[in-house]
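I've put the structures underneath this note.
Both of the next two complexes hold subunit A, though its partner changes from subunit B to subunit C.
Moving on, here comes the complex of A and B:
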């Protein structure tokens, strides 16, 4: 039996639309400082942190092998470091594997992105597309989401009002989360009347440009007590990639999320995702994704994401208590931020937005156009 | 501006890197056919019957080598999905608003993304019949098909 892995602490910068006055190194450093303050962890090569897993994007940082420029800030000087290029939730999984395997006892995870520094985040994600067949057409993650939003709406029949309620919920929850970016309340009318951005996605259906960093300290079950008396256990994880070209995919099928969710649930011993989680954190960069990813996670039946939004579940405060990605996390660390909120909730430290008695949470991360890569993590206290 | 940020500055920069992309043996054949013959080619997996475009060497499901299984596709097809791009950005091939559509060509199983011109963006419909309009000069990418337009 592999060793159990505990999250001992999380730290987040808080998310804003333009953190111009901080270099991304500084954003990372502040989260690492917070982890040290919370846990007393050190960099002793026998007993402390000797391995760091980071997550960042070379184009958003405008330097290749972007992790090499932050080794000092994340404490990776003179020791092991590895970067993940999918959502930072994969960085947690990588760190988890390091510990489960016995290779490491204590691993630090640090993810960051500054979306604000580029003239256009869509120009960055345009570079993710094939240079012969797709890039010249202007495809980017926003256009990919728009195509998926239409495919999902046609398949499920989700309404404009249901989409608007996803945004209303995000803002209502974000208003109670001092770390969130978009915290102003909006009404259904404001959302349905906001201008089209990329049909059928409206401007208020899209997450705001965001900057921020998240860090997390993981330790083995026989070591965590040195760092925390409130461990949160990583009990399930999986991820899955869909095809690269949109035409090869059924954009409304949730193919990769269903596979990731099924495997994560199996690992955690969850037989039915419906009702299994006290806290759900969905990586909804666009409004339709709250409903569509909920289906993919198995939280509701196929094509019922819209009805699920109106079922009263959002009013319980258990769905995206952080505000979700819609309230503003940068790309690359949306899933990492989801997992961070799950930890905060399971530690009972979520303040005004605390879900009472939360025992088990699910956090989802996604990278690539239209949810090509999906990852699911299950956490318990 | 806070006191501590008073003397800070931001440097304007730009990522720009001349680069040569190799189209690949199969991609080259596809693009040369588009350019020299105005013919759109796909590749067919003989095991599952699926016809792929863009072309590739291997069927992702069957792992069959399909690199020489060329089939000629129709220059016409139908819109299976679309978005209307409402904002301008430097990587866009058109001024907003323009239509980005997924188009399933006759004979293909996988729709391709392309630009749909010659139609009011607000009247695009899924199922709309469209045809390829080829570029006059060598482009050597998917924009060798300059655009799609509705079949009159």
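Moving on, here comes the complex of A and C:
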């Protein structure tokens, strides 16, 4: 049996739309400093951190092999460092595998993105497409999401009001989360009347441009006590890739998320996702995704995401207590931030937004056009 | 003759008249001169007079409208599309003197050089398939040998032994052949490929048959037709050019930001680690070794000592502007005065100092008059010679 893996601490910068005062190196370093302060972990190569797993994006950082430029800031000087692609939630999984395998006892995870550094995040995600076909047609993650939003609306019949309620919930929860970016309350009317960005996605349906960094310290079950008395266990994990080209897939099928969710639940011994989680953190960069990913995670029945939004579940405060991605986390670390909130909740440290008695949480991460990559992590205390 | 990408410089010029496109040269009255250096190079004059062209190798290039100078490899590479012409020009590998517009126009005056197709069929290749092409149903009861005497380059002698409905191929000619075909290798290939009529070949004496003519007449049935291996068409695949460009705005933060502010004041600021005392320039927020915040700023230099010098002779174009730095130029690592340990600063060296500057020499910055808080506030470092 592989060793169990505990999250010992998390650290997040606040998320804002333009962290102009800082280089992204400083954003990273501040989270690392916080981890050290919380846990007393050191850099002893025998007993401390000797391996760091990072997540960052070359285009947003404007340098190839982006992790090379942050090694000092993430403490990776003169030791191992690996960068993961896709969402930073994959970095947690990589670190988890390092520990489960016995290769490492303590691993630091650091993810960052500074969306504001670029003229337009859409120009960056346009570069995620093939260079002479989709890119020339003007696709980017936002346009891809709009195609998927349309496909999902046609399939499920989700209404404008239901979409608006996803945003209203995000802001209501974010108002209680001092780290969140978009914390102003909005009404259903404001959302449904906000200007169309990319039909059917309205301005308020889209997550705000965001900067920030997240760090996490993981340790093996026989080592965590040195760093925390409130361990959060990583009990389930999986991820799945869908096709790269839109024409090859049914955008409304949730195929990759269903696969990832089923495998993560199996690993964690969860037989039915419905009702299994006290805290749910969904990587909803756009409003329709709260409903669509909820279906993919198995939290509600197929095509019932809209009804699920109106079922009263959002009012319990258990769904995206952080405010979710809609409240503003940068691309690449949306899932990492979801997992961070799950840890905060399971440690009982979420303050005003604390879900009472939270025992088990699920965090979802996604990257790529229209959720090509999907990752699901289950955490328990 | 030296070849580059399988093509010699002579190949390019020798085919130029054949590649001339009258419709692309309308109204052109010019003399294009080429000075190709290196192995296989030489000098050529290409005279274009409206609807005619004359290509001549020469020693005298005077009187040209435009002169292109390049090394042989670059010249061939650009002509056959293996080297990007613009890039070669930008990096100085191609030099153009005179009416530059004619160079672009010449692309319309001549079709691109393409490699002559080599025949993939050889005599050996034909005989390699002979046994497989044997048709036993058409050779029932035959007990004979058929000789082939293929003369000239690529030829050879073979004997096909037909017996008991089987065919064996031997090299050399058996004495007891029922019939012997004698033909030149090139004609034999043409015969086999159907490009040369057997009757015509016999009538003209290019194909000689000795022995039993009846057997000779049966041969086309005894052996199935030779199918030449499919030639791989060298297709010109489309290459798409795109420029990637996203405008960025980089925060400099409280540490690197102070360094840039310092440059405006003609000061070079390093940051100092509060734990180990190490200094970094350009400064960064963190001392990588101590993993702590290192925000104390100390003025260093501005003079220093060269620890490393590197001279660049081939400069890559800037990916966004396409502009290429003039070469040669030198980058130097400098241990600024007061820096303490071994952490060096690096910048450019004044071109005039390039020839005689070495490790250990003293240098000082030459400041720009228009300082805005950028690495270019220092134009370069120059030798202190007093």
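Keep in mind that, in the parts below, the second predicted complex is superposed on the first by the 381 of 381 C-alpha atoms of A that agree within 3 Å, B and C clash if a C-alpha of one lies under 4 Å from a C-alpha of the other, contacts with A are read in each partner's own complex, and residues count from 1 in each chain.
Criterion: contacts are C-beta pairs under 8 Å (C-beta built on N, C-alpha and C of every residue); 3 or more make two chains touch, one makes a residue touch a chain.
Computed from a predicted structure; not experimentally measured.
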### Message
Quick one: is A:151 in contact with subunit B, with subunit C, with both, or with neither? Answer first, second, both or neither.
### Response
first
### Query
Looking at the overlay, does A:357 come into contact with subunit B only (first), subunit C only (second), both, or neither?
neither
### Query
Regarding the shared-chain residue A:120, is it in contact with subunit B (first), subunit C (second), both, or neither?
both
### Query
Touch check for A:131: first (subunit B), second (subunit C), both, or neither?
both
### Message
Between subunit B and subunit C, whom does A:143 touch in the aligned arrangement: first, second, both, or neither?
### Response
first
### Query
Where does A:198 make contact in the superposed view: on subunit B (first), on subunit C (second), on both, or on neither?
first
### Task
Look at A:247 in the shared chain and tell me whether it touches subunit B only, subunit C only, both, or neither; answer first, second, both or neither.
first
### Query
Can A:25 be said to touch subunit B (first), subunit C (second), both, or neither?
second
### Query
Between subunit B and subunit C, which residues of subunit A are contacted by each of them?
20-21, 59, 62, 119-120, 123, 131-132, 135
## Note on the structure
Note: in the complex, subunit C contacts subunit A through residues 240, 242, 244, 246-254, 256, 284-289, 291, 293
### Query
Once bound in the complex, which stretches of subunit B touch subunit A?
2, 5, 8, 10, 13, 15, 21, 23, 27, 31, 52-54, 60, 81-87, 89-94, 98, 100, 102, 104, 110-115, 121, 126, 141-143
### Query
Of all residues in subunit A, which touch subunit C in the complex?
19-23, 25-26, 29, 32-33, 36, 43, 59, 62, 71-73, 75, 77-78, 114, 116-120, 123-124, 127, 131-132, 135
### Query
In the complex of these two chains, what residues of subunit A are touching subunit B?
20-21, 59, 62, 119-120, 122-123, 126, 130-140, 143, 146-147, 150-151, 154, 195-201, 243, 245-248, 251
